[in-house]
Amino acid sequence: MTSNMIAREPAIGRRTLLKVGSAGAAALLFAPIIARAASDMGGALSPDASIYPKKAFAQTSESAALKIMYGADATASDKIQLDAPDIAENGAVVPVTVSTDMPNVTSISLLALDNPYTMAASYKLTADAIPNIASRLKLAKTTKVVAIVEAGGKLYSTSKPVKVTLGGCG
Amino acid sequence: MANQILARATVSGGVTTVQALVKHPMDSGFVKDKAGKIIPPHYIEVIEFALNGKVVLTGFWGPAVSRNPYSKFMFKGGKSGDTISIAWVDNLGKKAGTEVKIA
Amino acid sequence: MKRLYLAGFAALVLPGLAAAATPTKASAEHAIAAAEAKIKLSAAHDNQWPSTLAALKSAKAAEKKSDFATAETEAKRAEMLAGLSLQQAVSQKKLWKNAVVH
Amino acid sequence: MIKRDFVIGAVIAAVALAAMPIAHAGAKPDPAADQKAFQAYFKSRFPSLPLADYVDGPYNFSKSERDQWKQIMDFPPYQFSLDTGKQMFETKFPNGKSYADCLPNGGIGIAQNYPMFDEKTGQVVTLAGAVNQCRVDNGLKPLKLTKEPMADLVAYMTYTSRGKPIDVKVPDSPKALAAYEHGKEYFYTRRGQLNFSCASCHVQEAGKHLRGDVLAPALGITASFPVYRSKWGNTGTLVRRFVGCNEQVRSVPDKPDSANYRDLAYFLTYMSDGLPIAGPGARP
């Protein structure tokens, strides 16, 4: 396989992070990267737990979860970009990004079909929100990840298989 | 507790990008501890992101969202100095939130 | 490799067969003491295997339940495993140098 | 049953190898020559990989893992550790003193010099060990060497050294050389029921896949510690990884503050002299 392949690319990770230079950079780097919490509570925001669609998150099939969440089934679409790795480096942290150019997107959901519960995350977008959301998911095993986009009152979907291998050594 | 949420918001070309890392175990309820006892489910259910107090994105999360969850999203509008608020509530009714200024 | 495998198998099984005589409390205790001595030695050589300690543990547990046959078999297994790890450590005292990058 | 027998067979095979010739027996340790050979070995193994990039470990060998890592590094999961570590570092002890008072250069930008040999005690001191000494000197309890909050504190201190070349020194003294040689021996010694040495995985098999993961080359491997491991879900120190490695080869781990682990860290970090500090890092 690709065992001994050297994956080379210019300017990445550490180097990009370090571009600021070395002298006294640490303190400089630290401050702007993280804007520390000004207050412990998010101002006036206080999310209401009762709006949580608990039932939709307790389903074990795609169609059941979608029925409860949206009252409909999704049709496949090539207008949705679902960015997820072919092979997860660790099933506990799998970066997944969903984006689309469709207009009037009101909701985006992420499903992992072979997880104990299908629905992983769901987002409600207001008119100003751009349909481009990145998240990190737990995948119990190799599974198809499905992205659902609700646009103009209709449901669209795309999917991608993600292989989850045994983690542990390293 | 301090530092429950680390966030950063930047604006460019009229589009604001928000990134946030939330400190939370996100226990699924399927994992056992070292003594073989099930760790009870403990995860964020609702998270809200707002610009100057007005919600722009609401996230509903299940136990399949990774520990210490990361989110990144974008929205139109917002300018340097505006306030982004982020707040969550979990399945045990605990809440936390933070505010950052758009850089 | 196959021959080595068989040798390993023989090393494992033969002591077990020999012990099959008539295990008593005394013989079980004796076997446990012998295992503990070997384990001490391999610990002194910084090379203990978890399986060795697990075998000793189950030997002691069996002895407590007056299951002397199991106690003796498990103790002998612990002793043998400790012996192997000791052998490994002793041989590595010289062998490690062959692996050095130079 | 079958597995166990196989393993025993493997050990016997190793014992059978005892007849092989032994090189360099009894020579005086020459750390500088070892280091040169060590770095040259990896250079010839992976000619296209710049020395400084070894600190990225497994991500040099798998494009897919590298891509995921880059996404994760967009907002690294160890940020909480940095944040907590910084707070800890800046918090004064009950007696009014702080870490800055007992560490060289106020504790900032010094990680590249550790582990360090202390002629007075005749022992290797890791950065975490120096932190604990400082705590004890100020009447506080030492912290556990493997996990948070020690890992947070060391992560922050290491962060202030980012990009600085590793500069571990082995003084030409009998005790320092003995500690170095002891660490080297530990590194190359096969142990555990699976009969693996550190070198088996991180020299000979470096860059290859073991189950789902890529084995990181030993060169530069210490530069990214402490690391946030997705598997752990938090940040751990180098010693925590040593414990894990021992467990994986079915060997009873040493105590975190043992001379074995301190000397191993000393040898291993010295091999990477000149490579940039990249910690804290993120690993699967």
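Letters A, B, C and D mark the chains in the order given here, with residues in each chain numbered from 1 onward.
Please note the rule applied: a residue touches a chain if its C-beta (ideal position, glycine included) is under 8 Å from a C-beta of that chain, and two chains touch if they have at least 3 such contacts.
This is a predicted model, so every value here is computed, not measured.
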Subject >> Chain pair with the greatest number of C-beta contact pairs >> reply: A-B
**OP:** Between chain A and chain B, tell me the centre distance in angstrom, where each centre is the average of that chain's C-alpha atoms.
**Re:** 12
Original post:
How big is the gap, in whole Å, between where the Cα atoms of chain A centre and where those of chain C centre?
Top reply: 51
Original post:
In whole angstrom, what separates the CA-based centres of chain C and chain D?
Top reply: 32
Original post:
Counting only residues that touch at least 2 other chains, which ones in chain B make the list?
Top reply: 2-3, 6, 8, 67, 70, 72
Original post:
Which residues belonging to chain C are in contact with no fewer than two other chains?
Top reply: none
Subject >> chain D, residues touching no fewer than two other chains >> reply: 72, 77, 79, 83, 233
Original post:
Pairs of chains that touch, anyone?
Top reply: A-B, A-D, B-D, C-D
Subject >> chain A partner contacts - residues on chain D that touch it in the complex >> reply: 46, 48-49, 55-56, 58-73, 77, 79, 82-83, 86, 108-109, 159-164, 201, 207-216, 229-231, 233, 248, 276, 278, 283-284
**OP:** Can you check the complex and tell me which residues of chain D touch chain C?
**Re:** 4-9, 11-18, 20-25, 33-34, 37-38, 41, 184-185, 188-193, 195, 197, 199-200, 203-204, 247, 250-252, 254, 260
Original post:
Along chain D, where are the residues that touch chain B in the complex?
Top reply: 72, 74-75, 77, 79-80, 83-84, 87, 233
**OP:** Spell out the residues on chain B that touch chain D in their complex, using ranges where they run on.
**Re:** 2-3, 6, 8, 19-21, 23, 25, 67-68, 70, 72
**OP:** Please name which positions on chain A make contact with chain B in the complex.
**Re:** 32-49, 51-54, 56-57, 92-94, 97, 112, 115-117, 119-126, 128-130, 132-140
